[in-house]
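One chain, chain A, appears in both complexes that follow, with chain B as partner in the first and chain C in the second.
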Partner chain A sequence: MSEFIPIILDVSSYILILVLVALGLMIVFGMMGVINMAHGELFMIGAYVMVAAQSVGLPFLAGVILAPIVVGFLGLLIETALIRHIYLRPLDTILATWGLSIALKQLVVLTFGPESHSVPLPIDGSLELGTFSYPLYRLILMATSVLLIGGTFWLFTRTNFGLMARAVIARPDTAATLGIDTRRMYRWSFVIGTALAGLAGALVAPIISVDPQMGLGYLVPGFLSILVGGAGPLAGVLVGGTVIGGVNNLLAIWISPVAAMITVYIIAILIIRLKPEGLMGGRRAK
Partner chain B sequence: MLEIHNLSSGYGDAMVLRDFSCQIDTGKVTALMGRNGMGKTTLVKTIMGLIRAKSGRIMFDGTAIEKQPTHQISRNGMGYVPQGREIFADFTVTENLRLSLLGHEGGNVLTLQQIYDWFPILKERAEQRAGTFSGGQQQILAIARSLIGGPKMLLLDEPTEGIQPSIVHEIGVQLKRIAHETGLSILIVEQNVDMVRTLADEVLFMENGAIQERCDINAMRDDDSLLHRYLSV
Partner chain C sequence: MRSNLLALLVFAALAAAPILIGGYWTGQLTTYLVYGLLAMSLSLVWGYGGILCFGQAMFFGIGGYIMAVLTKGMILPELTSSYLGLIAAMAGSALFALALGYFLFAGRGISGAYLAIITLAMALVLERLMNNWYALGGYNGLLNVPPIKLTFFGASFELWDRMPTFYAVLAVVALVYLLVSWLLNSTYGLKLTANRTHPDRLASLGYNVLIIRLSVFALSAAIAGLAGAIFVTLDGFASPTLIGFTLSTEALIWVAIGGKEMLLAAFLGAILTRTAESWLSEIFGDYWILILGIAFMISVVLLPKGLLATPLEKLTQGKGRKSR
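Entry: the complex of A and B
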């Protein structure tokens, strides 16, 4: 039994990070119909903010605070310069944000070089329980992810901002006739989505190798999670992330990463074929 | 109060309104009648900024609103109850109302209590999901949602569509009372003659994207030849 616990914990921590990345994607896609291909790069930049913060001697916590601020501000710039002009035009957003993702990647290569960087673990210890031992930072990372996911749910289901955001998702025109500034809601939701990606990048930086290509590794499963889970209700991302992340990780450990990816795609295709709305439903026809 | 000058509007290249002009007076209930496809809904949607005017001018309370975004027009005091009601089905009654309060924050909004006094059914079902309501109850909620924002003028697009006659009459009587109590101006697009007779002070008949005739409600009560001509009733 005890040999399974680390595997379950590994899989859970991957799922939680995936959900965190997919949440930002889902907010932006579900709300504005923007398929943000640069979301993975925003996650990557979050990790690089951590690398930069550490290289100038700032503590880990400073990187965790700086990453969402820097990436959120970048999100605000992207929204103002690019996304604002192509709301609700999914095909155009794919092209525009794909171009943006290449530009961001190159920018990072020019600034930090193409090689990978590593961020030291902020907490070295392990949790020891009899024969069972697990790195403490991974446990903290999981707890933080749960809090962030819970916080995002709270923001969108329990606050005034959330009520307005859900109204704009359901009926943008009607929301506007009630005095709600839909453009402003789009803008701040986009910034929240990008800040979440940046924060996720900074938190994950110590347990992966930080390189300019790292975004794609999370973008693709992130999108699959949304497709499988359904974009409407936030719960869809949780279910989708669990299915995609769980299968991918378990099979990668038990068989091989290639077999895992093949299986994930087959499962995704089957679910999308049999339940086009996603497991939890709610995707809007556009 | 609402003055429309040489307005042209429509969908893509197809103009539904061409050089449309009219004036809607303050403190009155004006009904806009006409057959389907005559441009009534296009007109209210253009006033609300949901369809962009191609040319012309819409003056509301001394401000040109034809280039303003919809939420700004709403905050300027233009309430709108769309055709088909468009309530938020997943939200409770209170959430639907609160949404409008949030949209008009800092404005001249009404209290929930005021709304509940006018429409007691909404108080009874305050925490119920709006999607579980009947058509008539949804219509009451859609009207209340607009009123709570404290509009100076209310645009109602076919409020009686798909609603049982007893509730239609109730809504008409209640709206008339509210208009008289508060001085609210109403522009109602309607095909239901009973509703117009209950509610309106004045009737405009629209055909081919223009106002053809304008008459007092009492004149229409005595003589329904206009109804025959413009609605084939």
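Entry: the complex of A and C
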């Protein structure tokens, strides 16, 4: 039994990280119908903010605070300079944000170099319970992810902002007639989505290798999670993330990472094709 | 009429180019012509067919691998004819596209962003698969793919030297351009436009939208497959990068910068971007990719018809008459 617990914890931690990354994507996609292909790069920049913060001697916590601020500000910039002009052309947002992702990736290569960086674990210890032991930082990371995911759900289901946001998703024109500034809602949703990506990057940085190409490895599973779960209700991303992350990790352990990736992508493609509204239902493909 | 004149000028300029640019660049230009063919296939399916395919290199790679496997004699040692390889490459890519297209478009098919994500995921799957398919070379790919061997009336000729290879490839590209332009100007082109803009009305007029979509998807795949098949004979090897994600997105950038709704502009987009890349990357170094990314963004946001197509259309359009 005890040999299964680390596996379950590893899988859960992967799922939580995936959901955290996908959540930002989901807010932007569900809310504005914008496919942000640069989301993986924003996640990557969050990790690099942590690298930079550590290299000037700032503590880990400072990096955690700085990353969402820096990346959120970048998001504001991107929204103002790019996304705002192509809201009404959803397919073009895919291409424009793809161009953005290339540019951001190259900017990071030019600033930090193409090699990979590592961030030391802020907490070295591990939790020991009898024969069972697990790195403490991973446990804290999981707890933080749960809190962040819960917090985002709370924001979108229990606050005034969330109510307005959901009104804008459901009936943009009616919401605008009722005096909600939809453009402003879009802008802040985009900033929240990007700040979440930056925060996720900073938190995950110590347990992965940080390099300019890391974004894509999270972007595609993130999108598949959203589409598999359903882009309507926020809960869809939990279901999708669990399916994609869970199957991927378990198969990687039991068979091989290659077989896992191929199987998961094909399962995801099948689900998206046969149930385009996602497992949880919601917005139909435009 | 004017657009035909423009195409004639472009191909004449390309035919004259080797005199000016010398041997090395002629070799490079041959490769760019093949990329141009891939760009045309993407322009056909995306600009005219309305299907945003994020994995167009899938078909390029499939064509390339079929050509390599056949002409290396890995299946039947006696059957290594280049003609057979080219035909099989086109047919194989088209069949794969038909199967994938039927899966994606039949019934309440998917479109738009969902299609983009699925084709992107498919390209990643195929790339990973080829990286680990050891019978087909795995990560290292297939080496020593023989050059194309032309045989007519008993005489045979290997496309090995730069000049004959360049003109043979140019002839193929020009022929494909002619055929596709002719097709797009026929009633089929009209159906494609209707399918792109008002598929419901097209269906209510009694046309089978699925067949139109499948046919354009398969035709585009066949052209991409042909490009891939030619490509592996030029370099002499087929590798997983041909089938994958990077080439797919590069093709997307060429076509978006050139102009997806204009075959010639998409073709020129590929050639000019690649040429600019090999010249400017020496000057700008690592900044080149940054510039390319920004140019791509600008062309999508400000000139959705393409950086090249916008001026070219002005040039080819007579007074107030739309060319399409």
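As a working rule, the second predicted complex is superposed on the first by the 283 of 286 C-alpha atoms of A that agree within 3 Å, B and C clash if a C-alpha of one lies under 4 Å from a C-alpha of the other, contacts with A are read in each partner's own complex, and residues count from 1 in each chain.
Just so it is clear, contacts are C-beta pairs under 8 Å (C-beta built on N, C-alpha and C of every residue); 3 or more make two chains touch, one makes a residue touch a chain.
Keep in mind the model is a prediction, meaning the values are calculated, not measured.
Q: Just from the overlay, do chain B and chain C fit on chain A, or is there a clash?
A: After superposition on chain A, chain B vs chain C: fit, no clash.
Q: For the overlaid structures, how many degrees, to the nearest 10, lie between chain B and chain C at the C-alpha centre of chain A?
A: Between the chain B and chain C centres, as viewed from chain A, the angle is 90 degrees.
Q: What's your read, chain B or chain C touching more residues of chain A?
A: Here the partner covering more residues of chain A is C.
Q: Just to be sure I read the superposition right, which of the two partners does A:Val56 touch: chain B = first, chain C = second, or both, or neither?
A: neither
Q: If you stack the two complexes on chain A, which partner ends up touching A:Leu227: first (chain B), second (chain C), both, or neither?
A: second
Q: Thinking of the overlay built on chain A, is A:Ala175 touched by chain B (first), by chain C (second), by both, or by neither?
A: first
Q: After superposing the two complexes, find the smallest distance in angstrom between C-alpha atoms of chain B and C-alpha atoms of chain C.
A: 15
Q: Shared contact residues on chain A, chain B side and chain C side combined as an intersection?
A: The answer is that chain A has no such residue.
Q: Any idea which chain C residues touch chain A in the complex?
A: 52, 103-104, 108, 110-114, 116-118, 120-122, 124-125, 128-129, 131-132, 245, 249, 252-253, 256, 286-287, 289-290, 292-297, 300-301, 304
Q: For chain A, which residues are in contact with chain B within the complex?
A: Contacts found on chain A: 160, 163-164, 166-167, 170-171, 173-183.
Q: Taking the touch rule as given, give the residues of chain B at its contact with chain A in the complex, in rising order.
A: Result: residues 48-50, 69-71, 74-75, 80, 82, 86, 88, 90-91, 95, 98-100, 102-104, 107, 145-146, 149 of chain B touch chain A.
Q: State the interface residues of chain A toward chain C in the complex, per the touch definition above.
A: 33, 35, 82, 85-86, 89-92, 94-96, 98-107, 109-110, 216, 220, 223-224, 227, 258, 261-262, 265-266, 268-269, 272-273, 276, 285-286
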